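Shared chain: chain A. Partners: chain B in the first complex, chain C in the second.
Presenting the complex of A and B:
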């Protein structure tokens, strides 16, 4: 009997994830900078200085100052730290919701499957922003409301992916063999199915993260969720709206730019990870 | 043919179920809200209303009844076409929505058409020459824009074109202080321009990326190889084999992206103070105008879900294999 060892069609290699490595570097630097700066600054950078109101960017204030003389760079970093925290929590909760629903939906009960699929259709059928507004209205605002609102709008796509993965795994030969050996469902779920879901969950998390940040920024920009004084990127930008007509462009430009860089980095990392974990997927 | 009708029917039933589900969820969410509907209704008049009058309003609105009864009442009045009264705009909700929807649909419709057309063209171009410089630039553009919040694009446009260059107006759908009848079409378009660009940019990126992947797939297919072997020119292949085959998936994505279009229009309308459905949503949410918020939620769901349903059906047209299971079974039975 000859054993044919099939080579995988394309071995995952680091070369193909090259932009991801660069992005990881930038993201790590950014994260470190944000955390360090937020910690170093404390609340000193946020102090008002009415002598230095609405100053354009200079060496002293790289991003300029706002209407109360606060340093825009310091506020942006604070805002980014908040965005990252909200995004991290929301994406994490989303992944947990997606995993639970995928398991329920693939458990074999047709009723559960169609219920989950109805939930997915409902979440996809309602514009995310409207649902976000409704939820933050229902919870009366606050950071918690934003986290919950973002978390419950982002799970559908990952749920579909995980469900398909579980259904495929259930019919895999080694799972059937394991079942024939008399292993319990719990054992199969823990030892054969869950380990395969972990990479998908990690990739899903990293890909959800930038979306969560964007939605958080959008929601706070519209005036829902956080208190007006709090430094969040969305609030900084919505405050800048009042001063744009007077030509204070730095208030609107820099906070958004930093947000885009952060989102872009995590997006590239997520796509790079997806290529690494799934050699078939190729470039999106 | 019968399976076709069944497929569409199932989709329509699903649509109704989704709407019903959203109605329940939205109602529960609004009921959970700590914002008191009577306070929101009274606004600044709150000091002039005594507890007796409050009790009267509560009774008149049926707020003292259990939530289930309230829901049934609300749903039945919705179904008979009575959407309620909007305090924010001091008009009936049906009027507010129909008026706002008319100005929003111009914006969204044009943005939809533009992002479809430009995104599709860019995607075809990039996909026909993968790896080339034009492909790289288009891909870079699409990646960066996918990571950019719509409202920030809108703010940048405002900074550059309205404040810096003074080419475009800063707000609203018409010059301030003009009667709606006096506004010319040109003025309307002038005010529409920036929101339109802000809203189109994101859609272009998505359609372009999607079409590009599809196009690369098509260019590697056997029929393109055969066409090339017959001596067809590149342009011929791209136009007759590529664009035709890539069109249906692109239209499908376009229909499936109505939700993001609606969300984007909320943000773009807020930045430019454009009086559409989006800015009405924000007003309703901030002022606690419950009847308007609920009605907008349902309108938006109807709008997006119809889009999703059309996308589903088109998907089916594009790739009939997706429902082959039921058809194969039918073939055996007959």
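Presenting the complex of A and C:
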């Protein structure tokens, strides 16, 4: 008896499209649009026009206008550009802190390892938002304070991952062989260990990025973040609260929606990259 | 030169020691066989001799003196599975040059082909990778080689080619080899003496 197995036809389908690729496409478009629009707009579009206060979305103002007659689309784009900048900086600093502490923890003495582990547990044990508010408040608010607050509270998880990776690599056969060839610790760290950490660092950065943007918006929304005059998403959402009951839905809906899309895209990209660097993580 | 294991003891935690009071001597230019049932500590002894592990008791001596704890080790270890002993992100050319640029004659003797140098470890077979690992280990400074089941996963032809090359290199360069294996027929052919653990 002959068994014929027919291969299903390979028709292009959206179901088969990798969500991470779709998210990357949207994120790149969003980034390009936001950065280009923010650059093209300059300070125009942020000017008040009291003749056109609280106007609903129209062809002239796609996202409507706010209580000072400012274009909500222009403010949202400016806000998102600022959020992306803050997120980029905060996530970048977090990755640098995590890498340094992981190296100290895994390559230093037992005391250094214990101290870093204790520091990780302490930071993870404290309520996240409280720590963020405290640091941002202590530093007097503003963009720098938000970047520092988010950066110094988001390193522990990545530090743990990198520390475990370094400990594993330190005992890898090829590292022991290299040590037996008389290679220095610096050579081994640079040529054998660091290249293996780069994928983890990239994934860590991409996953931290949306988190940092959300925290920036959250802190600003609560009044501990950026200055009220700055067109930040958090401020736009905070301002919209007072007008939501009056039916001015466009003030909160559009900035919130764009923020969710940006965060979701980077989160999907981060998870896609994580699966790519650790194939086991992708299996059910 | 003489590589000695002097009253070596080793154990994990507080359990029964794997090795206790082991004495062994390998001389330059000679091949010593080491055999024994699984779990007797043959590979552990090999790792201790090559400074991959530190003994809990006893000492490893080279010409009666303790070797330096860091820097180049004249005792090199070759594993059964070479894939774990090479950096998967390095190309073969970089791997074989890690300690010293490879010797052309040695490359020829071990059957390492030039076209392999531009490949990654996963692009070579187990036998090809084992030849690469041997080439890397046989630097001008290597005086002893711990060959831990180096050909047990290879076909008989590759096994014969590798051991013939090693016999020639050992004699020519005065390198002492500890051949760890379960294959008594192989040890009979290559080793001047076989010790059972």
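In this section, the second predicted complex is superposed on the first by the 264 of 284 C-alpha atoms of A that agree within 3 Å, B and C clash if a C-alpha of one lies under 4 Å from a C-alpha of the other, contacts with A are read in each partner's own complex, and residues count from 1 in each chain.
FYI, a residue touches a chain if its C-beta (ideal position, glycine included) is under 8 Å from a C-beta of that chain, and two chains touch if they have at least 3 such contacts.
This is a predicted model, so every value here is computed, not measured.
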item: When chain B and chain C are modelled together on chain A, clash or fit; value: fit
item: Which of chain B and chain C A:237 touches, first, second, both or neither; value: first
item: Which of chain B and chain C A:192 touches, first, second, both or neither; value: second
item: Touched partner set for A:177, first chain B, second chain C, both or neither; value: second
item: Partner chain in contact with A:164 - chain B first, chain C second, else both or neither; value: neither
item: Touched partner set for A:126, first chain B, second chain C, both or neither; value: first
item: Chain C versus chain B, contacts on chain A by residue; value: B
item: Chain B versus chain C as contact partner of A:263, first or second or both or neither; value: first
item: Chain B versus chain C as contact partner of A:29, first or second or both or neither; value: neither
item: Overlay on shared chain A, then closest C-alpha pair between chain B and chain C (Å); value: 6
item: Sites on chain A touched by chain C in the complex; value: 172-174, 176-183, 191-192, 195-196
item: Interface residues, chain C side, partner chain A - complex; value: 50-52, 70-73, 76-77, 79, 84-87, 89, 98-99, 136, 139
item: Chain A-touching residues of chain B, taken from the complex the two chains share; value: 14, 17-19, 21-22, 25-26, 29-30, 32-35, 143-144, 146-152, 155-156, 158-159, 163-164, 170, 209, 213, 259-260, 262-263, 266-267, 270-271, 281-282, 285-286, 288, 293, 296-297, 300-301, 304-305, 308
item: Complex contacts: residues of chain A adjacent to chain B; value: 118-119, 121-122, 124-130, 133-140, 210, 214, 217-218, 221-224, 237, 240-241, 244-245, 247, 249, 252-253, 256, 259-260, 263-264, 267-268, 284
